[in-house]
Each structure stands twice: as C-alpha cells, then as structure tokens.
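Which chain is which? They are A, B, C and D, in the order written, and residues in each are numbered from 1.
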Amino acid sequence: MTDEQERTSAEPVRVGVLGARGRMGIEVCKAVDAADDLELVAMVDQGDGLFAASDAGAEVVVDFTTPDVVMDNLHWCIDQGINAVVGTTGFTEQRLDRVRGWLARKPGVGVVIAPNFGIGAVLMMQFAARAARHFESVEIIEQHHPRKLDAPSGTATHTARQIARARAEAGLGPVPDATRDEVPGARGAEIDGVRVHAVRATGLVAHQEVLFGTTGETLTIRHDSYDRASFMPGVLLAVRAVRNRPGLTVGLDTLLD
Amino acid sequence: MTDEQERTSAEPVRVGVLGARGRMGIEVCKAVDAADDLELVAMVDQGDGLFAASDAGAEVVVDFTTPDVVMDNLHWCIDQGINAVVGTTGFTEQRLDRVRGWLARKPGVGVVIAPNFGIGAVLMMQFAARAARHFESVEIIEQHHPRKLDAPSGTATHTARQIARARAEAGLGPVPDATRDEVPGARGAEIDGVRVHAVRATGLVAHQEVLFGTTGETLTIRHDSYDRASFMPGVLLAVRAVRNRPGLTVGLDTLLD
Amino acid sequence: MTDEQERTSAEPVRVGVLGARGRMGIEVCKAVDAADDLELVAMVDQGDGLFAASDAGAEVVVDFTTPDVVMDNLHWCIDQGINAVVGTTGFTEQRLDRVRGWLARKPGVGVVIAPNFGIGAVLMMQFAARAARHFESVEIIEQHHPRKLDAPSGTATHTARQIARARAEAGLGPVPDATRDEVPGARGAEIDGVRVHAVRATGLVAHQEVLFGTTGETLTIRHDSYDRASFMPGVLLAVRAVRNRPGLTVGLDTLLD
Amino acid sequence: MTDEQERTSAEPVRVGVLGARGRMGIEVCKAVDAADDLELVAMVDQGDGLFAASDAGAEVVVDFTTPDVVMDNLHWCIDQGINAVVGTTGFTEQRLDRVRGWLARKPGVGVVIAPNFGIGAVLMMQFAARAARHFESVEIIEQHHPRKLDAPSGTATHTARQIARARAEAGLGPVPDATRDEVPGARGAEIDGVRVHAVRATGLVAHQEVLFGTTGETLTIRHDSYDRASFMPGVLLAVRAVRNRPGLTVGLDTLLD
C-alpha cells in the first residue's frame, strides 16, 4: 500500500458506478467494495437517474455503459464536478475533443478514458515499443479461445503498429527473412511490416507474446489474461489517480509512470 | 549408464564413420570418441577406400555422406556383414526396398535409417500423435533463424500430418474456429486441417511447439534444439542398438520404446 | 465424435450423479446434460436416497462425494449392477481391494476410480515417464495461485516419483549438477533425486512444466489448467468407457490408450 | 541503420581492441570488422605495447582484459585522449572513483564500463524494475547449463534486488504466499523477499524468466541467451555512443534510452 493510499484510507474515496448491472459493472462494484480505501456509494443502471450518484456524494464515477449514453453521462459528471473513469468503448478523436471542451470550463475536474484497463497489457505494449529499436527481428503471437471473430486481435494489431513506428524512428529497415518457399499463411499476417500470428484453441483465454531477436539472444514479453477481473487493478488505479489529474487523460500509460 | 552399456564397456563396440570430414561426420567422430563403450576405428571420407573400415574391424558403420554414394556404401556394408546407421537423406520407398532386398540375403545384419536423429524431436512427434485424439483443438508454432528458406519447416509439416491422421482415426471433426474477419495469413498455413505458424527471428536456432486445447486446459509439447550436437545422443543410441536389430529399421521411433 | 459415440447417440447412456450439489457434482451435471450421447437421469445429494438413481434407470453413476460415504455408495452400485465412475478421494490399497472383492461377485459391472480426471495432466505424466530415460537432465516447475497450502503440488510430487522410477529402470545415474555455491532453496526441493520448483503468484491457476535436457536440446511438456471444467472431458471419457470395462480400473491412463 | 550511423559511415570510427586474443576479444574483433561504420585498426594483447593503439589512430578502445591490468590500460587511454568501452570485470566503487578522477582532467574523453553488454538482459532488468510496483506477486526462474557453479545466477540476484527496491519504493508489502507445508527448497531462494528458482539442465545455455502476477493476469519477461555473440550488439552500441558521452557512464542502461 502506498503512502498516498494510507493517507486517504482514513477517509475513503466515494465512488459511484454507472452501468452497475453490466458484466464489467458488476466486477467494478465488487472490486470497489473490496478495497479499503474506496467506498461504493451508488450503483446506477438503465432506468435509474444519474442524480443517485451526486446525491450519494460520489467523488469519482466509473462508467462502463454503452457508446450511445456515455457522452451524456460524461457531460453530466463534468457539470456536477464529479471526476470520471471511463471504460466504455467508441471514443473517436471528435468525441475526445468534445470532452476536452467540457473540461475546459471545469478546470478542477479529471476524466480518464482508457480502451484497455489491463495493467499487464498496457505494460506489454510499452515495453514492446521500447525494446523495438534494439532488435533487428520481432514477431507477435497472440492466442485466444476459438469463439473470437477477428484475427489478429485488436491488441496485437495495436502492438504491431507501435513497434513499426518505433522501428521507423530508429531507422531500422525491414526484418530479415529469407523465406522463399512458403505454404500460404505460414509466415502470418503482415501489419505495418511486423508479422503477427493468431492461434485459436479451446481452453485458452487471452494471451500475447512479443518475441524480439538479435545476434545470439531473444527477449520475449508475454501477457496472459485469465479472466475479466484482470481489468480491476487498472480501474482502481485510475479511480485513485483521477482526482489529482484535472483535465483529460487518455489511456492508462501515463498513470503507470 | 544402463546395465547393457556397462556390460559392453569392457569390450567397446568398434565404429567406423563414412563422411568423416563432413559437418555431421566430424560431430559423430567426436561423440563416438567421447563414449566409453564405443571405439572409433576408422574415419573414411571421399577418396578413401571403404575397406579401411572393414580392415579396422568395424562392427558398426555410421554414414553421413550424400544421396549419390550412400546406396553403394550400404550395399558394401551389408555384403561385408557390417551393421549400419544412416543419417544421409534422400531415401525413397524404392531405395528402402532395395536395402531390404540386400538384407534378406544377410539375415544377421542390421541397418537403421533415420531422417531425424534428434531424440527430442522424435519424442515430440510421438507424443503429439498420441495426444491428438484427446483434444478438440491443436496448432503448431515453429520458430527458426531467419536464414531458413522454407516455411513451415519439414518437421512441422510432418507433425501436422501425423496429428491429422490421429484425429481422423479418432473420428474427430474440424478444429473449432469462429474467425470471420482475418487479416490474410493471421491464422497460419493449413496442413491437412492443422494450422501451422512459422516464426523467423535472428537469435533463434530451431524450436517447435505443439499446443493442444480442450475445455479449461491446454497441453503444450515444446522442443528446443540449440546446436548440431543435439543429434549425437540419437546417433549413439542407434549405434548401440543396431547390432541387436537385424533387418531394416526406419526412424528412431522404435528404438526409443 | 467417434464411431462408437455416433452409434450410441441414438440411445443415450443414462447417467446418475452422486454428490450432485457439490462443486464438482454441479460441473458433472452440466457436462452430462450438454453431451448428446448422455442423458442425466438422476441428481442425488446428501439426504436423497440412492434408489433415486436405480429407479431412474441409471446405467452409470458418477460419484464426487466424500471419503466417508463413497464406500457405501460403491457397494450399493455394484450390488445393483450399475457401473460407476469415481472422483472422490481417499482410496487406499485396502479400499481398492474391498472394491475388487465386491466386483468379483458381479462380473459384468465396471468401476473406474481416478485421482485426477484432467486428460492433460494424465498425458503430461505419461509423456514425462516415457521421456525420462532418454534425457540426462530433468526438472519440474509447477506454478499455482498463492492460496495453495502445499509446495510442491501433489501432481508435481507424483510426476517426480514416476520420472525417478523410469530413470532407475533405465540405469541412469544422478542428474548432472556442478552447483557449489547455492543460496539455500535456489535449486528447489529434491523428490527422489528430481529437482522440483514451486512458483506461487496471484493470477495463476494451476500449471506444470517438465523440462528434459540432453546435449544441445531440451524437450518441455507443459500443462495449463484454467478451471474446474477441465476435468469434465476426462469424466465423460470414463462414463463412455466404463460399461465396456468390467472390473476395476484405477486411473485414467489405460482409458487413454 | 540509424541516421547517425549512416552519416558516420562515410568516415568509419577507428577502433582498437585490448585483450584481442581472449575469448571475448576475438568476438569483438570479428564484430568490429563486420560493421560498415567501424574500422578495426589495432589488435593488442599481452606482450604488445599499448602504443600500437594510439599509433594506429584509434578513437575508441575496447577493453576485455583482466582486473589486474585494466586500470593501467584505462589510465593510459584517458591520458592519450582515447575513448574507452570496458567489459573487464572487477570494478568496485573505489575503482570507478579513480576513473572519474582521471576523466576530470580530460573533459572531452568518454568511458563506458558495463558489467553486462547483453542488450536483452539489460532491457529485461529495466522492464522488471518498472513492472515491479504494479504487481502484487513476482518470482524469478533462471535456467542454465549444469556446469554453472553458483545458484542463483548473478543476473537473477541483481534482478531480484532491483525488483525488491522498486516494490519498497511503491509501498508494496510482502508477496502473498499461503504455503504451510513445504518440502525444503520447493519455494526457491529468497533474495530481499523475492523468490528465485535456479534450474540446471544439459542443453540449456543461459535463460531467465521474471513472472509478475495480479488479479486475473500475469506478465512474463523472458531472456534467452544462446551464445557469446549476444554481447556484441551491446558492445557496438557503446563504441558508437562513447565519443558523444564525455565522462564516465556505468552500465548500458542510459545508452538504451
């Protein structure tokens, strides 16, 4: 427990949850409830009024709702001076700009919007981007359950793009590859010059490995996600940090520094 | 050291090496020389006469030569009553039949011909074939240095075929896969219905992973080969076994039982 | 789906579950219910009479109860001519002998008693025992959640003992190890001469890796268990097989052949 | 190839090697020789005079010698205004202070002294230290060939210490561990509260895995070193950077930023 957490534990942060009966919302309520330094003061879902959160004195609201209501929710929070942590998807640059506009008029309020609250996944991508310019070879192998519709995963595609950008900045050329005789698909998909392999098997949950290679050595960064609860440490991290971060923060990255 | 090895160590097996100055031949000579229960009595290469081996009293000859001379070498060994262990490539069914014909006339002589002397690789394939009928999902990921010309590797293709056959025998249908939206190549190459992914990176040597999955669990069999010396335990195993195995033995499999 | 399964699917096997409201029993009921070739005809738990199973025409009974009632349950099943698949723990050699005695008087009835229904775990141990005599080095690394009380796990200890026996039979001496300067515990626990390392970390479920090494290569067999459902394919395998296996079968091993 | 490398490739950096006939020195000579932007101008070993390097116009000297001569070599280089990259071991704080003293009188000269030139190993340690404060669990598994005398390895011990420091700074308490019944050694060695497991097996070279865990997810950072050549990219990185880094730089870390 950090110094900051200990200090505030005398007076827990009051937290409201929007989308409290959804899959993620239920997990957030459980996690907030279990944390000594946080207090769950409002559980709001479809049909409930947002004022349940302000009436209960929520200092931070966590929003795992849907793209069609999240903008109204956020506008209302900022108006009320309530900080917000948002895991709802569908944020375009245009939407982010509107949020920035609302925040400009409420300088004390903080909003954290993150597409991925998995601390492990975010660190994996950070480390991959950082390692990228030191290795001439790199490939990504992601592994998921066989009910997944897209291949490769969004996280793998995002990782590949970040690696490609880091390589370009470091002046690295193409990855060495002498393959001349390939059964189609063997060498994977190419995302901005980075090879990505998608494995699908019953029993798997969500896993990703980034393999870097240079003369005589390899460095592998692997993330294994076993269940939805894996997002909770990231959500709690944001809940604890958002009151000290006025304005808009996009992504968990800066909160991890 | 096994009982058998200890017993025979009093009187080491006399071994000749054909192709003794080739890459593999050099390793074989070193390995035979280092083994207490074997004695290196002849090193034969291009330009030397085969009779150097028989004159030296070789009981077993190891042949790592080339497809164009190996049949003559074998014919000569069998005629001389010398057992042979052969790692030279290029054996078709027709060639194997000719060897069987020569052996039929020399009932005491044994010949072991193996495409792969890596004990680890052979066991990996055996285990994979055995596990195949108990798991609804299976995929292969092979990883090699980037100078390799073919993708996937011959070992991966061979493993996929053995798995496919075992699945068919067990009445298993296709591997489950809901992928609808694929960047071309992401899901790998398809070999007899088994997905195979080929990773290439500087620093890697030769590695293969077979991943099996069923409800709630996965089983992974992984083989890592670090250098050419990895074939030597298999060669020595064959050298020790061949005198007790008259006739033709193809592959290391049966010697491992 | 195998030929046998297809044939019997016209007439599903009638299955009763004892301990139906326990953690494992609930999973068994779900799994039987979901299988096309099986029919769940009785769910029996504490307070219910066993005759609910025979009245419902159960051909196979699955028992996940407790050591204090399982012997009575089994005696009753055998008397009734109902085949049984037993996952309840606590079977000593003495208890197994009593079961054999009961079965001797009912030659048509089959009983399968298994300490572990995870197909992956059972295959891992089989493969490990088989590989053991071909590699001079071997170590086990098991990884579990940090709430586990014992280290190493029962499965790891059992695997180590099987490996040690296989090494002894092959005449292998001690594993090579030049360690002279060791921080206590670094080299793990020694179980019959095999080093076993127990890793504990939040986020992990139940995992085990057996690493074999010889000159220039390693072979790794890894099992990952993600949830309790992983035992169900093994339970169903036994349910399908037990009617054709009169007498007592201990362990899943022979059913996998 | 980076912009900087391309620019300087018109006029290669002139490099001398001290300890040129040692194991590492031979590799350095090969690596310098193979790099387009570097020129090997002097190979100096025991019995040769150091002035061979200055006479040949060396701008950078690489020193892989022994602790008893390295201080004299460095003093001479700094006096001559030649930059130095040093992989020789045995540098205490006292020795580093003496080097700093010599450099104070030669403000344009740069010296890089690194205990480990493996880029992968250095990044692994950096990433581990950075991830440490975000995960409640962490363990280290290092794997080496069985001829190694110490367990755990120096790199593993160093990594554990860095992780322990990062955890302390973040206010994290002890790693959760409910183990009550342990076969001695199963839970590994304890280095500053971090559990470290040392695996030894024939076939392995030098490998290390750092496993982090939190609710529902794990993050693994793994480094595999296959041969001595793996240090060369780090040596060349230092050779290219040292002329622009006057004063003393200890460790490869800052050069990787």
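What to note about this one:
Here, a contact is a pair of C-beta atoms (placed from the backbone, for glycine too) under 8 Å apart; a residue touches a chain by one contact, two chains touch by 3 or more.
These are the chains along with the protein names UniProt gives them: A, B, C, D = 4-hydroxy-tetrahydrodipicolinate reductase.
Only a predicted model underlies this, so the values are computations on that prediction, with no experimental measurement involved.
Chain centre most remote from that of chain A: B (centre = mean of CA atoms). By the residue-number overlap criterion, the interface of chain A with chain D counts as same, with over half of its numbers used by both chains.
Each chain gets a centre from the mean of its Cα atoms; for chain B and chain D, those two points are 39 Å apart.
With centres set at the average Cα position, the gap from chain A to chain D is 33 Å.
Centre-to-centre, using mean CA coordinates, chain C is 47 Å away from chain D. Along chain C, residues 135, 203, 212, 214-218, 224, 226, 230 each make contact with two or more other chains. Of all the residues in chain B, the ones that touch chain C in their complex are 1-6, 118-121, 123-124, 127, 130-131, 134-135, 170-173, 212, 214-233, 237, 256.
For chain A in complex with chain B, the residues that touch the partner chain are 135-139, 141, 143, 146-152, 157, 175-191, 195-204, 211-218.
Those residues of chain B that touch chain D in the complex are listed here as 203, 205, 224, 226, 230.
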